[in-house]
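Naming follows writing order (A, B, C, D, E and F), and every chain is counted from residue 1.
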Amino acid sequence: MAAINTHVHRLDDAVVDALGALGVATVHEAQGRKGLLASYLRPVVQGARLAGSAVTVSVPPGDNWMLHAAIEQLREGDILVVAPTSPCEDGYFGDLLATSARAHGCRGLVIDAGVRDVRDLRAMEFPVWAKATFAQGTVKRTIGTVNAPLVCAGARVCAGDVIVADDDGVCVVRHSEAVQVLEKARAREARESAVRERLAGGELGLDIYGMREALAQAGLDYD
Amino acid sequence: MAAINTHVHRLDDAVVDALGALGVATVHEAQGRKGLLASYLRPVVQGARLAGSAVTVSVPPGDNWMLHAAIEQLREGDILVVAPTSPCEDGYFGDLLATSARAHGCRGLVIDAGVRDVRDLRAMEFPVWAKATFAQGTVKRTIGTVNAPLVCAGARVCAGDVIVADDDGVCVVRHSEAVQVLEKARAREARESAVRERLAGGELGLDIYGMREALAQAGLDYD
Amino acid sequence: MAAINTHVHRLDDAVVDALGALGVATVHEAQGRKGLLASYLRPVVQGARLAGSAVTVSVPPGDNWMLHAAIEQLREGDILVVAPTSPCEDGYFGDLLATSARAHGCRGLVIDAGVRDVRDLRAMEFPVWAKATFAQGTVKRTIGTVNAPLVCAGARVCAGDVIVADDDGVCVVRHSEAVQVLEKARAREARESAVRERLAGGELGLDIYGMREALAQAGLDYD
Amino acid sequence: MAAINTHVHRLDDAVVDALGALGVATVHEAQGRKGLLASYLRPVVQGARLAGSAVTVSVPPGDNWMLHAAIEQLREGDILVVAPTSPCEDGYFGDLLATSARAHGCRGLVIDAGVRDVRDLRAMEFPVWAKATFAQGTVKRTIGTVNAPLVCAGARVCAGDVIVADDDGVCVVRHSEAVQVLEKARAREARESAVRERLAGGELGLDIYGMREALAQAGLDYD
Amino acid sequence: MAAINTHVHRLDDAVVDALGALGVATVHEAQGRKGLLASYLRPVVQGARLAGSAVTVSVPPGDNWMLHAAIEQLREGDILVVAPTSPCEDGYFGDLLATSARAHGCRGLVIDAGVRDVRDLRAMEFPVWAKATFAQGTVKRTIGTVNAPLVCAGARVCAGDVIVADDDGVCVVRHSEAVQVLEKARAREARESAVRERLAGGELGLDIYGMREALAQAGLDYD
Amino acid sequence: MAAINTHVHRLDDAVVDALGALGVATVHEAQGRKGLLASYLRPVVQGARLAGSAVTVSVPPGDNWMLHAAIEQLREGDILVVAPTSPCEDGYFGDLLATSARAHGCRGLVIDAGVRDVRDLRAMEFPVWAKATFAQGTVKRTIGTVNAPLVCAGARVCAGDVIVADDDGVCVVRHSEAVQVLEKARAREARESAVRERLAGGELGLDIYGMREALAQAGLDYD
């Protein structure tokens, strides 16, 4: 297998952006409660929202050489998804790489490791979800892969999959399922909007969802 | 034991609110350094301050059914205190439940598990202290209890106990001890205000508290 | 060995402040990628930047008596560096100690343990890097040391060493190496500024750093 | 409240020992899946099994003074249950305290903190469930409580409650519920023995428990 | 997608067993340093060695219903590989399920969650690699999948892949790569045996591997 | 500073071995409760006891090249003390390195990272204290240092310091303080032996140490 796969199929921006607008919780539910990355990935910039096509990068522990090769593979609307081959929290990515990635169309970074220069990243409003903030420098000695499938923070990601990220975390949607997931997510949101209004008016979920009988059958009693 | 205890004695709002104004650190000290929940509970909304009467909810891992039943038990000024029966960081609570809880008088949430829709929770200014932010959805299959005593993040909480929470964490005050704790907390705060001024003026704690002799007896020497 | 060492050599403010302006990531790289404290130390006040001379304090678990003795040793421009003798996340330091420390010239706190009154610390804009926020109170029963060498969050710190801290974490620079590190850090920053501009213009790191040949030799291939 | 409560009601040895023989998993299920202490408590002596009446000890972080006072309260068949008032992994207990505790009838130790001299504890076959093995010494400066209710590793324990511990962890049974729990646990074990034989013979749980229809209704399908 | 995939292609026992005999470290290196499951999976029975074909089971948090359905899918030589859909350490598996699984040809269990009855599992010599030992019981309410691809402890596993496990941890080998990996692993072991003898005789790795020049070029100097 | 320091002063075997015989807990107490490495270092071979002179090795994350250079520096009675420059749990050390190290007089390994081939290490009875067991392979690309001072698992270690390790963990004794610490440790052990006998006979620590009055003054009361 070659180290760099240059053949990535991206989805239409319209699909990607629509998924992003719906947000992680809704998209995750709509696709059958799958695809969440681990909760230890936290947004460096609170309130940021992100959606894009994954460019995956597998890196050795403490070695960020491959990120330079990955940036050349970026297209407008992409997101870097980086995972080390063994657990590592070194600062693989900082303001220089962010500057370069943005110049090549990159919308943000999801990394199962550390980042640094976070003051600059915040000033640039470059969205990052990371495992750690750590200034520890890396070397450039060993190659990895770009756009091969990988596991990032417990979820499998392939190049061209859609990444959705916000304050709730990060979710991956398979390229082949994105259109269908979008449809379901929109339906879910519509249902939730209707319910939200009724809940705000004081109606109980017990009644809206008709839960009282099932709860009683499950043994719920009151004292 | 019934699953839902509907007989909860709440304290006067005046007592609850006065404890809230004093804050977690002062209240914790005033009641003999007890009642703190574990430090891994973090505020979703930085700077939030909260005090209220506990409505306790015990939930199975990955199952938030009981939260719907709990909302019916809320009264003006209450706080939901939620603990799973085994460690779980799923997102039990989001903007719909927050909308519903608020409509029934709920002031906030303390949960030894995860929450989601945190962007919405922040926009709503709904105060939450949680173990994790995680979009992972839950099911509605198994009942738990409402207003039974439980252990939340290492501290025992009974329905009607006072919960005080701020950026320092979360503290529980027994219903039966709240009035006495309030008194001691006020006295403590008064003492601290006097000392704060002297410290700001450059006087040393060594002198204000008369520690020099005790330190010397304990073996403190200077080189 | 005496408990309190009163003979600390501080560096010139000009050197200390210049290191602080360059920031943790640059200083850490410039001194050969050493001196970082563990990434679990997090800033209580986001965006804060700090540089100063270390006053080191070794404390027993759950006992902050020695902090009062340490404050007397502070000089204008110092930073308190506190480490417990065994892991502890109690709230050793709050608004009263911050008030007193500031009155004696202290610029901030680095502590491998917990702090409290963080709302007040933020209002005071008193910079703190800590392992935890926890209201748990401490006792005043057992002495420790001030200005003896210690290990704080995995890094050795001696009194008079320079501490640099920002959103990327905390770094220590040996007193004897500070001038030389400053020089190297300035050179590094100059180089990075030049590169940043080229990267922003779309040039690739692969080309700027001439990595293509080395990557090919390491086996990188494209598909 | 006095620091030491000398009035503890213990259960009959017959009840306690019968619960111990049934083991943690069975007892925990029989009492409605409650009472487990956190899974981070690990047995120092693998294969040990333990049951006894709880003598509870609340200790400050890094201070084991109260253990000496607690030993005087031990009666034949008791177990020390120790919890620090804030998280601490210091070595509160070693071979000297084990020797003394055993001389006063103590059957073992459950501690939400550290122990040391574990080579000696193993040689003595003194059963211990602990959070850590750590040689860190403690001081004797601050009092705590003996036989007051406390939370140990996430579970509430009162003096005189039954503690059951084995390789699966530690479980607490309320004094008032022990007889009833024993009865249910025995019934459960009888049922399990019958099932075990059928499963060993190759019958499927799907058939023994009649699960096929419910699984199909829940949506299970085969491909 | 159906919940249970009944079409699994297993490899020849000869290949599987040969991989098992070579062990995790050798197999992992031979396949290019990939396929390791996270190091937090620990063997319940120290010294156990295991190899077999994966039967994958995805389970909800706190719900082990699907394990009963999975056992029916087992064939002689299989290994159960179980992952919860969100982090959970409940005791999904104990002596009854082990008895049943063994009766259907199962060689062992790899689970990114908890197990219980470990005393029995050890007595049965049923090999288990798990994240936790925890007696916490589970419910039987929600279905999952059997033999769908999943991520277990950070590594992707498909039904029919080879699992190799020993005291070093757990490694997965793709079904399609197993024969080739076996060949490389045998070659590696042969090389290591030759080197081991020379190292035991006192020759240095520096000389055997001819590292001295490369180290000098990298800047290694002696003082 | 050169990468490899070849000038290490070792202590007499008699001193080193005598410290080892006294064990970690006693030595740690005798030197004023300092020098313990973090409790997450665990013995790979339970029951092993070790004492020797430290040969320190600083390694990059995921790179074990320097271990080969370090083995040449070993003398009879030495212990390898290895720390990565950033947190890493890769398997730096296995049976080949153990074979080589032993051939050059090495008594054991203390490593703030991972090891592998633990089955072989146990068969060889090669004592290891490590942070993790993980088969993850390392590269050989980047140099580090041998026999420079470093921080390992939170404690500073210099070449030639004495390392004592047993089931309680790992302790370092400064080269310059070893003789004095030995003397104090022997005295401590003598005192403990006398007390152990009295405790075994049923005398209380309260009486042997004369604690009753101090406890009463501290507020201890009985109910």
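Definition applied: a contact is a pair of C-beta atoms (placed from the backbone, for glycine too) under 8 Å apart; a residue touches a chain by one contact, two chains touch by 3 or more.
Keep in mind the model is a prediction, meaning the values are calculated, not measured.
> Which chains are shared contacts of chain D and chain E?
Both-contact set = B, F.
> According to the touch definition, list the chains common to the neighbour sets of chain C and chain E.
A, B, D, F
> Select the interface copy of D-E from among D-F, A-E or B-D: the correct pair shares over half of its contact pairs, counted by residue number.
Repeat interface, by the over-half criterion: D-F.
> Roughly how far is chain A from chain B, centre to centre by C-alpha average, rounded to an integer in Å?
31
> Quick check: how many Å separate the C-alpha centres of chain A and chain D?
42
> Touching at least two other chains at once: which residues of chain B meet that condition?
33, 36, 85-87, 89, 134, 136, 142 - these are the residues of chain B that touch more than one other chain.
> Name the shape of the chain contact graph, picking from line, ring, star, complete and other.
It is other, because the touches fit no line, ring, star or complete pattern.
> Which pairs of chains touch each other in this structure?
A-B, A-C, A-E, A-F, B-C, B-D, B-E, C-D, C-F, D-E, D-F, E-F
> Under the stated contact criterion, what part of chain F meets chain E in this complex?
Those in contact with chain E are residues 1-7, 65, 68-69, 71-72, 89, 91, 94-97, 99-100, 102-104, 114, 116-119, 122, 132-137, 140, 142-143.
> Flag every residue of chain B that touches chain E in the complex, lowest number first.
60-63, 85-90, 134, 136, 139, 141-142
> Which positions of chain E touch chain A when the two form their complex?
33-34, 36, 38, 85-87, 149, 151, 154-156
> Residue numbers of chain C touching chain A in their complex, please.
Residues 23-25, 28-29, 33, 36, 39, 42, 47, 49, 166-169, 171, 192, 195-196, 199-202, 204-206, 209, 211, 215, 218-223 of chain C touch chain A in their complex.
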